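Both complexes shown next keep subunit A, but they swap its partner, so subunit B is in the first and subunit C is in the second.
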Partner chain A sequence: MSLAEPAALPVAASAAPRLHVLKRFTSSFKVSLPAYLLLLPSLAFLALFTYGAMGRVFVDALYQRATPKAPVRFVGLDNVSAVLADPAFTGAVVNNLIYAVGTAIPSIGLALLFALALSRTNAVTSALRAALFLPVLIPMVAASALFLFIFLPNVGLLDYYIGRMLPVLPNWLGDPDIALTAIMVITIWKNAGYYMLFFLAGLQAVPEDVMEAAHLDGAGPFQRLRYIILPELKPTFLFVTVIATLNAVTQVDHVFVLTQGGPSNSTNLVLFYIYQQAVEHYDVGKASAATLLTLAALMGLTALSFRTLANREGGP
Partner chain B sequence: MTLIDRLFKDAPLATRREITPKLGFVLTVLLALVWLIPFLWMGVATLRPASDGINLMAELMPSLKPTLDNIRDAWEIGDFPRYTLNTTIICTGILLVQFVTITLAGFAFARLAFAGKTLIFYLFLMQLMLVPVLLIVPNLSLIAQLGLYDTLTGVMMPFFASAFGTFLMRQAFEAIPTELEDAALIDGAGLFQRIRHIYVPLSMPSFSAFAIISVTSHWNDFLWPLMVINSPDKRPLTVGLSVFTKTAEGTQAWGTIAAGTLMVIAPLLITFLIFQKRFISSFVTSGIK
Partner chain C sequence: MLFSRRLVLGLAMAGTLAGALAFPAMADGPTEIDLFFPVPVDGKLARDMGTMIKEFNEGHPNIKATAVYTGSYDDTLIKTRAAIKAGKPPSAVIMSANFLLDMQIENELTNLDSLIAADGTTKDQFLGQFFPALQGNAVINRSVYGVPFHNSTPLLYINADQAKEAGLDPNKPPQTWAELTDWAKKLTKREGDKVTRWGISIPCAYDYCGWMMETLTMSNGGRYYNEEFGGEVYYDTPSMLGALTWWNDLVAKHKVHPPGATPGPAVSTSFISGNAAMIMLSTGSLTYVRDNAKFNYKVAFIPRNVRNAVPIGGASLIIPAGLEADKQKAAWTLIKWMTSPEKSGWWSRATGYFAPNMAAYKTPDMVEFLNKNPDAKTAVEQLDVAKPWFATYKTVPVRKNLEDEVMLVLNGKKQPKEALAAAQKAADETLKPYNAETSLKLP
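For the complex of A and B:
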């Protein structure tokens, strides 16, 4: 008896919590069930088209077909190395980096200028805001249709009004040295008004009396911008930069309509390369490998802003 | 300068005489005019008769003999009524399903305690970053496996769940006082009844904000429908416009292209000009669509 008792104790002590954990699990599941049912429709679609899609990218990137009709076979990382060795892909990455920096900086700079100039609300500023916002609303394809004529050699809008002043008429979309810049101009025109809205919202947080006090202390407009407004707008800058970067990767409709990545791949961007591999070359393996690399790069970037974004959406 | 002085009359008294803000304002006005030029050209070129010839096509001064021929041509060459119908079906279909999914999920996040809430929150948040357009390749093969290739449902399906919408509704629902729900609970209202009769009617501004973002972004979608749709009669406006532009470009029919573009963007522009304030505030809340 005296021997058995100490032995029985640990059993009892270990069995009870296990039962407890199980019970707690089932009871918490029972309590959570209504929430799970409400989340189910959303989670089902997210599982299919977001997480499932990511999983399929991983798997598809590991397989390859010799010809479009041949059965798939496992090739490991061959697709990834094939993509990395493809000058069209590395070229597209370089183009995309130039495109990202060359569109983000001017459009964010312009957006800040617009927001500072139009921060007060009256009939005139409202009309100007609307004018600057119009390009945001229209499809990129429609913008491309308009810019197709604007950039048209000889008779187009740009050559008709400005090109005449230049010694040689440039072929805006046909010259490999200029085409990417022309594409960037369209993106800046389309996005600056969008980013302006965030700066307008951010400027609301700058206290008017602090501005006035700074002025009384002898701070000029640029000093006020540098020491009061810009620090206050830091979260806005971060947020807009993330959106601008995402846009630089995802907005390729104008490349499709205007240049098809040409001339000589000078406007080929990563997403257009992926599209070409998948739809024109039927090479799902290579397209998936390229998608995987792009996702990895974007995830690395957005991981930095994950916390900001989580807070913006109200936290878990 | 007097006009500008009038615009700056509500600026803080101390800063009213500074020159730099005024220069910035003038620069912005000039840029806003430049920003409008493509739209101006679109309007002028749409009304310009073909007899003006290609060399006057870029002229921004309206023609003295305006014509509607270009609009008629675009209407007849491009199948715009059909494209508009398809785009309307796509946008409405996506929006209706989204209303259901985001209301239910938003309510769960706003009012219910459940195990794994943090994990599920981050699962939703991830969708904000993994912009669906990046996943076109795997999603196209899934759509094909589901037998939805070349259908409008296939175009709509990847957008049925919306993390952005879920978070927007969560925010709206959290702002509703719980006392209202308690009263309904005492009256014996079930979960769905409470959502339907208390939460949804009180969150209409958020629904309309979400509707604006959802419809404008899917009205403008191009690459995804381009991949999913094969038959000409199932094309949405954007895909139709790109095909139409390719055809008309070959014949240098710039007036017709301008007219076609005008038809594609007119519904959005008109709605925007009517509900300008609401559009702008919706876009501020959007950020990532």
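For the complex of A and C:
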């Protein structure tokens, strides 16, 4: 595979274009050989730990054993259909969709709000930016352990303050109707500050002269936001949306720490489902099949968004 | 020349890598063994384990044991299985006692019978050292697969100060469900509709919930699973229905138990903070309660409806399958040393679990400790009525089939009867492959 790549290198492109294909190939290969040797160590590690593992998942997804003592046998796509027919998996997908939308929109909205409010740099905004960025610095596992105490029924921080006003104290993590929302709140708290950074960077790129011109033309703050700032921030929006979606699928540390997917599977997300299949059910075939499905969905989504991103940037 | 310099550089890097990837040379000297150990309760245990292994190595110059911390019980199972798959199993593991059957079904355990025979003892003599209640989880098909290391039973913890205040005598703790319900009603404090202190709290998170359901079902005369065969559970039975209905009544009818599923740490915290007057928790929490409670507390047997009976919990030492003979022997030496009366007693005092080795309670240190902390006796006395912890094919998913439904009931989303029927159906489905190979494989 790696042998086919030299053609893509700029060095190769500048080599004599009209030579015989094979000759061109060997000459370009000679030129880039040292580069490959230098890349070899990282390629070896990538192959071992990334592509190797992916290949293994692909193979494992095709095998299954009928009974515990029976040997594994090739079953084709049976694992995939078994995963799709599993109500726990469809439940996890639905939860994950709710979770993705419910975390991405509020955290992006908050991030934009923070960035707009704190776009000018002075001592106060710097301090506020640092404060808003703080949750990003706390590892998710540590943050979840903190929230475990905040959400403790009756005696936690939340119940201590808010609980006084409510007639019945909610069991934040123990009630299937509330638990997923509680998990989403943590994610929003954790990620909004991170996305704010991207919007702050994006705001720096809004051309000063256009803003001034609009100002002179009598455009109010809202009109400037609507017609200049937001259109300029479109690439940032797209990028942050992709990151937020990926986070919604790959970050499940708080589910591990706080709820283990419960109560009654109400906070079970796709990645946690895969973990359960692999570890609790000890069903490598089904876990691999679910991994493949997730990977395919994520890659499709990413490809789609980056193509849109490229189109926008390439356009006039 | 640039080219050759690059080439040399590249080769040098590749060389370093190859060196790093090559296996370290085999060294002569003491047999090196790894012990995987989880810390299910609190962080101090890791230090105690280090002390213990150091002492072992000093007393056994031809064995060099290393203790490897592997997280929770579940994590330890994952890591052990990963190591076995990679062909480098650890020599000994402290494994949650109810995972042994599943591991035996998957051929991941060493049968310890031959090691016991090689010592010149019989199986009965060897097992006779341990409390009878612990043997069920260590013996599978009449062969020994695990050695009990630290164990627990559920206990009823009572805030004695609050009981006195409510006119109840903490020295005569509730013995039946009826008495417990009565106590809980008297201990619950309300301001209007709002409860400011709960009479009783029973934990329900994955793992704990199943254990508590087994506790209540057993006190109601029932069984959770077939102790002799890993393919059956008894969820849709009158005894379990009674257990879940009573638990649900405490929540929904009497309103003396907090609604929803409450994890273990939340239950112990609300007890410590005086927010729950009585709780059911493992003996493993006793040291924590003893160190943190700023009030007088009492521990008592789990009350009965039909009979006094509780499941055991805790962990056993196992030797994974596929080890070299010398490592197996060294691991066996370590296991026997760790489960000896002295070490067993020392570990019990450090952790709050009880010592599985009966002789541990005759050592002078232990006698002195029990005189100072009479509450530690209750767990040992309750062992007379203890029975094995549920263990089936795919223990965890089968347990979860029940727990998900129990959580729905405690949240008021399902009635006990239909919840248990659904749990039974789901569990039967999970157990199907094993039954297809055993009970339903007919000539």
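Just so we're on the same page, the second predicted complex is superposed on the first by the 272 of 316 C-alpha atoms of A that agree within 3 Å, B and C clash if a C-alpha of one lies under 4 Å from a C-alpha of the other, contacts with A are read in each partner's own complex, and residues count from 1 in each chain.
Here is the rule we use: a residue touches a chain if its C-beta (ideal position, glycine included) is under 8 Å from a C-beta of that chain, and two chains touch if they have at least 3 such contacts.
Note that the structure is a prediction, hence the values are computed from the model and not measured.
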Q: After lining both complexes up on subunit A, report clash or fit for subunit B versus subunit C.
A: clash
Q. Touching A:299, do we find subunit B (first), subunit C (second), both, or neither?
A. first
Q: Determine, under the contact definition given at the top, whether A:51 touches first (subunit B), second (subunit C), both, or neither.
A: first
(Q) According to the stated criteria, A:279 is in contact with first (subunit B), second (subunit C), both, or neither; which is it? (A) both
Q) Which holds for A:41: it touches subunit B only (first), subunit C only (second), both, or neither? A) both
Q: State whether subunit B or subunit C is in contact with more residues of subunit A in the superposed arrangement.
A: B
(Q) On the A-aligned overlay, A:131 touches which partner chain: subunit B = first, subunit C = second, or both, or neither? (A) first
Q) So, does A:243 touch the first partner subunit B, the second partner subunit C, both, or neither? A) first
Q: Using the touch definition from the top, say if A:110 reaches subunit B (first), subunit C (second), both or neither.
A: first
(Q) Let me test your reading of the model: by the given contact rule, A:155 touches which partner, first (subunit B), second (subunit C), both or neither? (A) both
Q: Using the superposition on chain A described above, determine whether A:262 touches subunit B (first), subunit C (second), both, or neither.
A: second
Q: Overlap the subunit B and subunit C contact sets on subunit A and report the shared residues.
A: 34, 38, 41, 44, 148, 152, 155, 279
Q.
Quick check: in the complex, which residue numbers of subunit A touch subunit B?
A. 28-29, 31-32, 34-36, 38-39, 41-46, 48-54, 56-57, 60, 110, 113-114, 116-118, 120, 122, 124-126, 128-150, 152, 155-157, 159-161, 189, 193-194, 197-198, 200-201, 208, 211-212, 215-216, 220-222, 239, 242-243, 246, 249-250, 252-253, 256-257, 271, 274-275, 278-279, 284, 287-288, 291, 294-295, 298-299, 302, 306, 309-310, 312-316
**Q.** Complex contact set, residues of subunit A against subunit C
**A.** 33-34, 37-38, 40-41, 44, 66-70, 148, 152-155, 167-169, 171, 173-177, 260-265, 276, 279-282
Q. What part of subunit C is in contact with subunit A in the complex they form?
A. 3, 6-7, 9-11, 13-14, 17, 74, 77-78, 81, 102, 105-106, 193-195, 198, 204-206, 258-263, 265-266, 269-270, 273, 275-276, 393-394, 396-397, 400, 403-405, 407-408, 410-411, 413, 430, 433-434, 436-437
(Q) Which stretch or stretches of subunit B touch subunit A in the complex? (A) 7, 10-12, 14-15, 18, 20-21, 24-25, 27-29, 31-33, 35-39, 41-42, 45, 54-55, 57-60, 100-102, 104-105, 107-108, 112-118, 120-142, 157-158, 160-163, 166-167, 170-171, 174, 191, 216, 219-220, 222-223, 226-227, 237-239, 241-242, 245, 249, 254, 257-258, 260-261, 264-265, 268-269, 272-273, 276, 279-280, 283-284, 287-288
